[in-house]
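The structures come next, written out as structure tokens.
Two complexes come next, and they have one chain in common, chain A, joined by chain B in the first and chain C in the second.
After this line comes the complex of A and B, so read on.
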């Protein structure tokens, strides 16, 4: 098990990592997900031993390794730019880590391992080719292969696929997942790409401003996001947010000329109980839970269709709801025209309540 | 605003045929996306429309006017690239007014135009800042504002979102879609990201090797791809493809003993001629249903992996030696190694020729 305890790292005025705690279990595919500048890469570099933390410790299997030199940790690192040797062919690139004086792997063992990994990654036919003559996707596979030949304790991947074409990303995302499961290896990865993170991870750690703000399985964080930042970062598309004022039996959308939706009395009571003077409510709802119809119903709200985004199995509709932009997801055949009026309902069981100021959930549903 | 028409457009660089004879009509006010992998000729096509490249052959018309020989400035197009190329030392206001001042538009008129775009692009609070200090999303809005302030005939966009973070891209994509509908400007957009193409395009033009492979609305292309290439390229993930032969009104899936009994007359009619010849069946991941219990006409498959995607998940199976993906909700509890029954929706099956990859029925 890899463990980071209370890690901080400052570069000049910038706090890159700010008291971060993290545990990666053996055999897990752990993905750190966060926007650019969240501190993901710095965290990975500290795990590798390429940066010294200003505070905190790194443990592996209970042993402190904060100051152990990178090669002795036996972690494999794969960068966004994959650092292959362009003048060497694929075979020699794959063999390179094994030929390091540190490991002294005999040459026939090198051959055996290189060939088996090449077969696994479907790059056997490329073994004699120079790396500089390969496509981006092929290079990515070679880089992955080079990490795999070594049998390290942990694979550390920094934005492993985000520089690639989307189609290729999708393929490699599946491949990473398959390799992870077949080899039973431990992977720690970092990315800003929420879609691939959700698809690949056994657990996700959402990172913002140098801290991990929530950890859980992709499904857990989706169903139960701890705060507004998490909900913004993980969804594709993001959660909708509307600032609301609490009425007797309803929530009134702020600055909307009295657009409102009904909620149960017990919800109102629960909110009243939690709210202190000056607290404001941010209501969140995932786009797939926003109901859209051509005709109105009890307490449905009027909205204007800004445009419709087609996504194959589903359509996203951008709506203007009392001045607030919201997105709804439609899977049926109802396709409203841009500029047209529709009716919207926000079912109570799908609502999340956050504090406007802190962004934290007011209560867990 | 103009309609744009390309007639037999070719652009060759020595032996390289970057664009090799394309015909295309972009209707007034519509949003057309040129979509394809790197090297398909989409950017070259856009540069020809802009006047940055002189075509080797063919004609370009804006409405009825032949603009093939005109310089970029004579064409009055607005352009935005991946890197917005704002003037970093100028303020947002100066950036936006630059094209107008360069054309010696009278100050009163400039003021009027600026007021308009500032409102559309919500730039009021940014006007005095230097462009270089703005976050990427704001820079992009400024770049778009600058591109449309001159009221160009056509707006040309080349991967304008690709420098952004994933999350931000998605937001800006929606913004861009809304803005285009609000101002109603004829737009040609280049990307390799099919999700962007599907979300934004009224019409998508799929290009490959300098040629147009298929043109149509996102829905047409998604539901009725004319080739394995389009079926695979569109969709997250793309279509599933399985090699089949036809026997006794059934599709026999190669590498398995699965048989899919057919009822659709159009399929049966065409496949009669494919007796004992291999072809490819295509089916989208959401058009396969999975069930924990045996279903009539179902295939018993083993779950290889599960990829969560928030509201739904993708379940990977193996059919023969190939990954077969199914998109499903969270109703059924699933783990790797479990066997479930999969049922293909026959009304959504596409059939492709194995040799050339083109659609036989789609």
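After this line comes the complex of A and C, so read on.
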């Protein structure tokens, strides 16, 4: 088990990591998901020992390793920039970690392992090739292969697939997952790409401003985001937010000329109690939970269609709801026309309530 | 176009024609722009080159042609009244068949190879050590670079005194360690090494400077990757540092080589080419023929030969450099 306790790292006046705590269990595929500049790479580099934390400790299996040199940690690291050795060919790049004077492996064993990893990653035909003659995707495979030839305690992958085009990304995503399951290895990865993070991870840690703000399985963080930031980071497309004022038995959308939707009395009570006098609420709802219809019903609000986006099998409509932008998943064949009016309903059971100021969830449903 | 009279189809066709015409006009404009408006890039470039071209022509071109020409004449500037006499390749054949010249060639070759080799090894070694950040690094670096900034004549004179057999400081220090006196500058087989020591003292900093620049330019992440792959320091040096700094190192070696072949000022003050002719490089020999004996024609021929040697050596290096550059481009 890998453990980070209260890690902080400052570069000049930039706080890269700010009191970060993290646990990675054996056999887990843990993905740190966060926007660029959240401190993901710095965190991984601290785990690797390439960077010394200003405060906090790193533990592996209960042993403190904060100041252990990288070669002695026996972790494999795949850099975002691949970092292949430009003067060596693919075979020698893959063999490099096995030819270390510290942990020398006999040459026929090196050959066996390199060839099996190359086969695994479908790069056998590239072995003789110079690294400089590889495409981006091929380089990424070689970089991954270089991590896989060893039997390290943990594989640490920095943005393993985000620099690739969509097709390759999907391919490698599946490959990562398969390798993780087949080898039963522990992987700690970092990415800003929420789709691949959700697809690959067994657990996700959402990171922002140098801190982990929520940890859970992809399903858990999706169903139960702890705050607005998490909801913004994990969704693809991300959650809709509407600032509302609390009414007697309803929520009134702010600056919307009295657009409102009804909620149960007990919900209003609960919110009233939690808000303690204030009445501003940030209401969130996933696009797939917004109901859109061409005809009105009870508690439907009028919205104007801005445009329709096609995401392969799914189509989303961007709406203007009383001045607020709302994205909704279209579930049936109904495709509204640009500029037309539709009716929108926000079912209470799919609503998330956040404090406007802190962005924290008011209560978990 | 009269919309009332033409049918819809023809109208569309006409519009299309219009567009095509417009487009061709626009594209014409693009292709002719270079010729019609102002100076083209090429002319502009030429104007910038003009001053240097003039300087080259008069300061290099003219003397060079005169040099080649006088190589084929029996001529001395001391006897300006006697008209130069054309003797064909006699100057060249005389020089190339003279055993003394070949001795100079061999000495110069030995001197150049040893000199550059020692400076190269010392240079990259010291640069490697200076890569790390430590207290007083910039001070050390400045001090190390000092010799290079001195005047070679002065350096030669200083070392001449330091190497003095009877009262020089070098022998004094050796004596402190119980070693006997060495005749640094007076013995044929020792004086060669004395010259190399001084030249190395003076010019290793150049090697250090270039090697350091080359080493610093190598991306740090490669070393980090190697660190994680648990590579040894030698492995890192051999497979990352050396190959990636090779282009700059080759240029440094080329510079030092050409400089060593031309070595004159330092030797002139240090040993005066002696003892006997033991430390006379080709350039030194050339100097003597040109300005002590005033065999102008012969010296010119000598100069041409020397130039050819340096040029062909440089060519080999530049070839290799281009190959490396091509490899790096593909990276």
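Basically, the second predicted complex is superposed on the first by the 363 of 365 C-alpha atoms of A that agree within 3 Å, B and C clash if a C-alpha of one lies under 4 Å from a C-alpha of the other, contacts with A are read in each partner's own complex, and residues count from 1 in each chain.
The criterion applied here is as follows: contacts are C-beta pairs under 8 Å (C-beta built on N, C-alpha and C of every residue); 3 or more make two chains touch, one makes a residue touch a chain.
Keep in mind the model is a prediction, meaning the values are calculated, not measured.
Participant: Based on the superposed arrangement, let me know which partner A:200 touches: chain B (first), chain C (second), both, or neither?
Facilitator: first
Participant: If you tally the residues of chain A touched by each partner, is the higher count for chain B or for chain C?
Facilitator: If we count touched residues of chain A for both partners, the winner is B.
Participant: Determine, under the contact definition given at the top, whether A:63 touches first (chain B), second (chain C), both, or neither.
Facilitator: The answer is neither, since A:63 touches no partner chain.
Participant: Thinking of the overlay built on chain A, is A:87 touched by chain B (first), by chain C (second), by both, or by neither?
Facilitator: A:87 contacts chain C only, not chain B.
Participant: Which holds for A:192: it touches chain B only (first), chain C only (second), both, or neither?
Facilitator: A:192 sits against chain B, while chain C stays out of touch.
Participant: Touch test for A:295: chain B only (first), chain C only (second), both, or neither?
Facilitator: A:295 contacts neither chain B nor chain C.
Participant: Is A:97 contacted by the first partner chain B, the second partner chain C, both or neither?
Facilitator: In the superposition, A:97 contacts chain C only.
Participant: Could you list which residues of chain A make contact with chain B in one structure and with chain C in the other?
Facilitator: Correct list for chain A: none, the interfaces share no residue.
Participant: Residues of chain A touching chain C in their complex?
Facilitator: 48, 50, 69-71, 75-77, 79, 81, 83-88, 96-97, 99-103, 130-133, 146
Participant: Under the stated contact criterion, what part of chain A meets chain B in this complex?
Facilitator: Where chain A meets chain B, its residues are 35-36, 162, 165-167, 170, 173-174, 177-178, 181, 192-195, 198-200, 217-219, 222, 232-238, 286, 288, 306-307, 309-313, 316, 318, 327, 329, 338-339.
Participant: Which residues of chain C touch chain A in their complex?
Facilitator: Result: residues 221-222, 224-232, 235, 239-240, 243-244, 327, 330-331 of chain C touch chain A.
Participant: Note which residues of chain B are touching chain A in the complex, please.
Facilitator: So the residues of chain B touching chain A come out as 37-38, 165-168, 170-171, 173-174, 177-178, 180-182, 192-195, 198-200, 217-219, 222, 232-238, 284-286, 304-305, 307-311, 314, 316, 323, 327, 330, 336.
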